[in-house]
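Quick one: the structure is below, questions incoming.
The letters A, B, C and D name the chains in turn, as written, and every chain counts its residues from 1.
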Amino acid sequence: MLETRYDIRVDWGHCDPAQIVYNPNFVVWMEHGVNVLFEAAGHALSDLIRADPNRRGLPLVKSEASFMAPARFGEVLVLSSRVTRFGRTSFDIGHRFTRGDTVIAEGKQIRVWSVADPDDPDAIRAEPLPAEIRAGLEEDRIVTVRTFWQG
Amino acid sequence: MLETRYDIRVDWGHCDPAQIVYNPNFVVWMEHGVNVLFEAAGHALSDLIRADPNRRGLPLVKSEASFMAPARFGEVLVLSSRVTRFGRTSFDIGHRFTRGDTVIAEGKQIRVWSVADPDDPDAIRAEPLPAEIRAGLEEDRIVTVRTFWQG
Amino acid sequence: MLETRYDIRVDWGHCDPAQIVYNPNFVVWMEHGVNVLFEAAGHALSDLIRADPNRRGLPLVKSEASFMAPARFGEVLVLSSRVTRFGRTSFDIGHRFTRGDTVIAEGKQIRVWSVADPDDPDAIRAEPLPAEIRAGLEEDRIVTVRTFWQG
Amino acid sequence: MLETRYDIRVDWGHCDPAQIVYNPNFVVWMEHGVNVLFEAAGHALSDLIRADPNRRGLPLVKSEASFMAPARFGEVLVLSSRVTRFGRTSFDIGHRFTRGDTVIAEGKQIRVWSVADPDDPDAIRAEPLPAEIRAGLEEDRIVTVRTFWQG
């Protein structure tokens, strides 16, 4: 299965008065991880949406997260993301945040492939994940998205 | 059990390009709901922290959320929060977002009552929830926090 | 000129490791203040956008802010907002955050009334602010949006 | 003067219902840019704060921003940041967001070097910027912080 490993730099503003990452930021980062994963699979959501304005992102149906260790300002975390289950229209994405060998947090999201309902543009309709996108997400490959400092 | 019902006004900036609330905002709002709940119980976390600088908030150990219906700019949601289980040092908080009779999302959080470890200020140590705070959270009462427009 | 006074409850997550409000939150709150102001004027942006999908919010052209005093977890600030200048298509909104008699921060935004360009939906075109909306914003009135706790 | 050029990947959640970056995100990114700049100068704020718990970040006194062109989901912006003025205890940081040759936004921040007041830990006191930090910020050098995809 395709796995992306994405560097996250913990900034001052991600941290709360307890000097550790404020937990909703992990949820924001998992959302970024989903976008990285689809881009690595060759099907960036930004391109899919530009090509089809009825596309409605990947609505989240259910999520879970476990927090094992705090993260702090100045640390670089790695977010690993991959699909862990394919259903007909839904699929699960597993996320893991690590700092070196330490697992900081883990999450699972159930998402749905969806388009705007033609009869009611405010509603959305689940659709099967296109075969070529599934194929991209199933490739046995690791893509790293790393930040380098130069100069 | 004490239940708080807290008005949330969905703003333009809470919404994403699909014109619906971006899901991490629900997680931020659940955090606000926890603070409302403790304040309603007579033990505002801001006072507890001011009184004891070793207090470390209420670290989140595990969370779950289910998203049933989208919410949109201009809507007012009600977030209902209450403790659903008391453990020795941990406890569960249940959250429900509604718009009229429609359930928008539900969440559950497992949190821990904690202080800074005196031997290592970077570490935290779980402690039993003080009896008077538990008593406040157990009162059979509904507190509404509503927004009124005047003038 | 219409002025709105909007209660803002400073939450744990709005604060940074220095235990004070992380400054970008003031900018988010000014955005909320703009929406409160238009709603108080009888022209909620959410209704305007629902009525005309080509409406593109109120793009920000320029902003300034001054920060006089820190704000902390548990405080309630009041954000006062009003139009301070009307141009042909642009207008200025002045914002002030206070806690009792203490001014916490002030801001000014230059915004533009705009619609999607019919020839290029990705572009926006400035338009004169409709007379009835300007009339609503010019009314000599104070609207307070306050939060009440009951129960 | 030291200049940092920092890649920013515009994500779905940075954008609002008008399909463009929600303006407070530029302010969050400028904060990140400040941290990148100090780290590039050899004085990461995270290290300074770990070394001296009385350090209070770099409080913002005044800010200005101009928004020239919208940015959209999937784009990579470059944020260039550098000191544009040194005062005794305050200094200005100039920020510019570009996408290729297009300037998206520009900002200026007046910040203060500060510590907790020993007589009142809730108050802060401005102090002269240490000479070695100023020297690091004054070096005539460009540091790029770029994201690379591999695999």
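Operating definition for what follows: contacts are C-beta pairs under 8 Å (C-beta built on N, C-alpha and C of every residue); 3 or more make two chains touch, one makes a residue touch a chain.
Source: prediction; values computed, not measured.
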(Q) For chain A versus chain C, which are copies of one sequence, does the interface use mostly the same residue numbers on each side, meaning over half shared, or is it different? (A) same
**Q.** Pair joined by the larger number of C-beta contacts - B-D, C-D
**A.** C-D
(Q) Taking the mean of the CA coordinates per chain, how far is chain C from chain D in Å? (A) 24
Q: Take the average of all CA coordinates in chain B, do the same for chain D, and state the distance between these two points in whole angstrom.
A: 32
Q: List, in ascending order, every residue of chain A touching at least 2 other chains.
A: 12-13, 16-17, 22, 24, 28, 31, 49, 57, 72-73
**Q.** Residues of chain A defined as touching chain C within the complex
**A.** 12-13, 15-17, 19, 22, 24, 73
**Q.** Sites on chain C touched by chain D in the complex
**A.** 16-18, 22-24, 27-28, 31, 49, 56-57, 59-67, 70, 72, 124
**Q.** Of all residues in chain B, those that touch chain C in their complex
**A.** 7, 9, 11-13, 28, 31-32, 35, 40, 44-47, 49-50, 57, 72-75, 141-151
